[in-house]
């Protein structure tokens, strides 16, 4: 046990150590060294994770580690501890794995930036918090990580802090996340007061053993928790921060805003599946929101021209699909898609990063094209990833997405339709991206054309690894015999009956595949055959303008919330504040005025004084007479 | 002496002196010449003296009359001081009307 | 009563000194003499007695108040050294008058007979008239003297009439007899009127609304030292005497009389404080603050049987603070034609010690803790609430809030404004008086029992 | 050990500092501040050994007032806060030189003397006296050493003084009234009283006036922003770091136990006021031009939450409130110190005149950022513990309270990050900004260290305060 504890501490603290080193000595270490340290610290925890993973594969026993008492509440006590079970280890695997790859990538990618050491510090800090989020054995420790990753994303989105727009984006991300966090907190409060514990294990047993459970409050709690998930995982209505978050350096987008942090919501819901299973209404809400988000994001993605924005919206839409699965109670499916998505989406982002790197910061696809020859590795890896995300058979994405669609079909045709449409669109815009970027001939400046070159090995290596994973990742949960489902079963209270592959399933697969191919075909027709290039912003009109401007959601939010708050603030500052204080001063003024009038009475004439004297005398005497 | 009181009755003495006292008060209130104000105050005091005497006979006890001497002496002392002040005022502003005493106010 | 004789002897001595031209010695001798008399008085504390078939009754009340008066006179005499530097020739007169005034004051709290009471008042008042008008060439002073004289003698007339009515009702001047008789059932109607008239006369002396109009003018016009005397000694004497008189006459049993007291006390506090807000002349301001303090002191008349101690404490606290404040004012306004607040600008920089003392005394008047003023108010409140007059206390509290407004005007002037000119010299006696007074005040603030328990 | 020793140390310290002269004043003051801190640590030690730490001696016979001090866990916690912050504040002021500094530092020590007294006093009148005493030094500190236009400052400070005095005088009436009932000012005797609901409501209101103005709660807060802005930063630290806690402490120690029935009847109103303060303060803070004013309003928001916690009359509410008091004390001092550090270099507090500092001073930036994050209650900081517990207690009363109060974590993040962005980030500022000096850095690091340590391990404080809070709750629920 002590062994486990120490290992677990290593697992958690290695990145933190890296963070400290980079913070305090980063400047002196020099860029490469600080990069290497940063990477190694993550690799260490990756290795430790593997050890634990192997161990748990034999023992099948989750490892509980209690460190110390943390927060004391009247009816329960929250201690600081870790829970290493199938779920958290699975998550750790790809968090640390992809994490190390992206660190590696960043060494080269950020090499020109003078604040590279702080970049690595932030990345390490992020990994540290992400690990805490995943391994926390109760809701509050998870909440530490939950807020911590939010902080790191704030720091990294605003990494180029001299640009106030980036800072705004960072701020927006943090605040929107906090809206979700409030929901999460409320959920925690309700759970705490209902079951007098926040510990996952005890919570599970408590709920299992609970007689006459108050489902109303449980549903409220579940809903509140889901709001938290919406914030972190960019679901409607809290998704608008994610596209803006692309202001950060591309490795950040790959790590935080595609592979790991944004999946925290799915992690949390899966962790607490025993609660959501008992609250069907909330599950429906989750499913619907997931589906809608998938569709909306996909539609917006159709017309974006910023290469990273396209990927961002595709991320939102994929996350939507995952929530759809969660809402339908198919947690293992969602988890499966999380993993495959992590592979291909990270690959895509890193690829786009390599492109942007090659073009010295150009992100508009209208100014790209024909990069296939210049950067072949980037092209091939990204192609594989795109095939995966489009659900072309035998690539990882095919299996995971297909399972989601099946589950949807089994529950509700409408959801299935929406999901399928979304995935067709995905296929379309992904290949739109591919064609615009890599095919035809270059549309950028001559000067850029001159410098076109494949990125260095440090950048391409992670791409290749991820591409391979994106290809073969599907094996962990092949239809029919799924290793993943078996691995995860201990977590779940009620296990979905394994869909035996019947004709409907094959038919569904077929539809999905055909749909995907259709999407690709349309893209091919538009951008290869007709060799179209998207219009300049000014020329976009009609519904496509609405899509291009993301349904004006940002503007609506600004009008509804931001401006009202600021207006209110101005009103309070200028009127209410001055009003109250002048009320207080007013009393003083009144007395002063009285005094001023009183001075007139004291006019110095003895006659008056004596008169007042006599008057007072008469008044008193007569009063006493009457009183007698 | 005694029979006079019984004939007239103490109340009348009281009324008389109260009347005198009020005359004094009104004098003080209405006259603006300091000297006359002094005189009015004297009237007030003497009204009281009268009442003292009346009461002392009424009670058959001399204390009241003794007190009259006190009050006379005091009145005299007061007026002496008052006149002294008045003189210095007259020397400074050449008038003894109390309406000129309005520098101190507010 | 030995006190009384000794005081008068001291007064005469001063005059003789003048004849034999020992001016230098006058102040020191007087101070020493007063100290001796103080000792003499205190020694009588535990030996109550009555003299001259009850003309004078010496008891704890009279002794403790007389000693307070003597202490105050001590301070005032000490201050006169510096104050009358420029009229050495009249020094003895001024000092002597103060001493005689003191005799009057002592007579007022020791009286056992209304005659004594009346004489006391008159001695006090006449000396005050003289002092008020004492700077002959100064029109303001003349006017002050005149106003004070007119209204004062008018008030004495009222008092005399009241005494007369009481005599008429009781057929005696002896306070003990009156007090016994006043218990008996049927009394002629003019007895209460008599009491009321006397009370009104005394209310005039302590400058309670609506008999307060003279105070600001007279305070402003008179020489500062006289103002100090009026606002501390005279006021304290008057309230103490009134208290003693009403206790003897059992005035508090009459409910409607208490209502009158309530109304007058509230009116005095409020008018005094509100009027003080806009004053620029410091003496005038303190006059109004004195009026409001009179209102506070009147609260003691609502629980006559128990509040002797708290009255003594309040008066002591108030007068000590007043002495300290006035000694600073005397120093600051020396050779200035007015006592405008402008003179105090930047005192905090030019003369931190005196500024601190003035601040302390003002805080004490405002009733901030550790200064005696706080406990004075506290005890007063507690007794008044006990007597069941919560409303008065609430008014009192609101008033103390207002009062902070003008006390702090002076403090602000001392600490935030730039000094206008340097002042020469550090007159020892003024510093000594101010320091001793304020230290006594603070000591009493820390150990209130010292005084509170004297008359408990 | 005699508990009054700590008072003596501070009082003697004040005089010693004044006599030490302008040169040495700050050093001497720091020395005595540390001595007091040591003394309170010793007290803590004795307390943990289970001794009952109290001192009582007859002071005034009539009215019956005794010089009674008593230290339970709660008082000792506040004691530690006060003495620690006093030392930190004095040390933080080493960077500036004040004219007539001997008086300045003497006043600081005198003020902390009064505040320590307030936390220790177990006799109503003694408590009141200390309460009032603490007002005078801060009045002069703000008045004489403050900044900005003199006339404006005078107005603000005098308003502050009269306002607070007005409040506390009503508390005095309440105390006198209680004295008439109980015949003693001793807190034990006052606890024993059982008053009618009507009486309790009056007394509750009288106390509330005093505390609502001191804390301050809306709508009695209008003095706060101006005074915080006008006062010298040291004064602002004293006000916001410690003095404000006097009010909250008094609510727990005096108001609620003395008038439990009224407190129960009024619970919702006063929780409501607290939470309204949270939202109102946060929103007003959004659009402040002056850095110190912004921090003032943020502090208004936070204390609103704390007050709401106390009025829940639950153990969690109390505990959270006390934890948050301590946490807020440190954070707010740190933030105002950050403002001071900027002022030392830029001579301005107007936010729009700052910006682009980060690129010139990484150390300062990270420290400032940490403080900002702490004040928005990021987990692992001390403030999170407090805020979480308070919000939890609110959720036990009514979930909506928790939701509305919880908006603080959104709005708080909004205005704090907005401020941080405009103060620190953006294009490099043309004006040169030297990074923190050693002493500045040390001060910051101390504060940050405290925040993180107790953020991860609040147990010690918890164990210290919980028993006495339980005791107080017993008193509250006696009827």
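For reference, chains read A, B, C and D in written order, and residue numbers begin at 1 within each chain.
We adopt the following convention: contacts are C-beta pairs under 8 Å (C-beta built on N, C-alpha and C of every residue); 3 or more make two chains touch, one makes a residue touch a chain.
Model, not experiment: these values are computed from the prediction.
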Chain occupying the most central position, where position means C-alpha average: D
Rounded Å distance between subunit B and subunit C, as computed from the means of their C-alpha atoms: 27
Averaged-CA centre spacing for the pair subunit D and subunit A, given as whole angstrom: 37
For subunit B paired with subunit D, centre-to-centre distance based on mean C-alpha positions, whole Å: 67
Length of the line joining the C-alpha centres of subunit A and subunit B, rounded to whole Å: 99
Subunit A, residues touching no fewer than two other chains: 588, 599, 602, 604, 606, 610
Residues within subunit B bordering two or more other chains: 28, 98, 101, 103-106
Two or more partner chains touched - positions in subunit C: 146-147, 150, 154, 216-217, 405
All pairs of touching chains, each written as two labels joined by a dash: A-B, A-C, A-D, B-C, C-D
Subunit A to subunit D touching residues, read off their complex: 23, 68-74, 80, 118, 140, 143-144, 147-148, 151, 154, 158, 161-162, 164, 167-168, 171, 174-175, 178-179, 181-182, 185-186, 189-190, 192-193, 220, 565-566, 568-570, 572-573, 577, 580-581, 584-585, 588
Subunit C partner contacts - residues on subunit B that touch it in the complex: 10, 14, 21, 24, 28, 34, 37, 41, 44-45, 47-48, 51-52, 55, 58-59, 61, 63-64, 66-67, 70-71, 74, 77-78, 81-82, 84-86, 88-89, 92-93, 98, 101, 103-106
Sites on subunit A touched by subunit C in the complex: 588, 591-592, 594-596, 598-599, 602, 604, 606, 608-610, 612-613, 615-617, 620-621, 623-624, 627-628
Contacting residues of subunit C [partner subunit A, same complex]: 146-147, 150-151, 154-155, 158, 192-193, 196-197, 200, 204, 209-211, 213-214, 216-217, 255-257, 259-260, 271, 274-278, 402, 405
Complex contacts: residues of subunit C adjacent to subunit D: 309, 348, 363, 368-370, 374-375, 378-379, 381-382, 385-386, 390, 393-394, 397, 400-401, 404-405, 408, 412, 415-416, 447-449, 452-453, 456
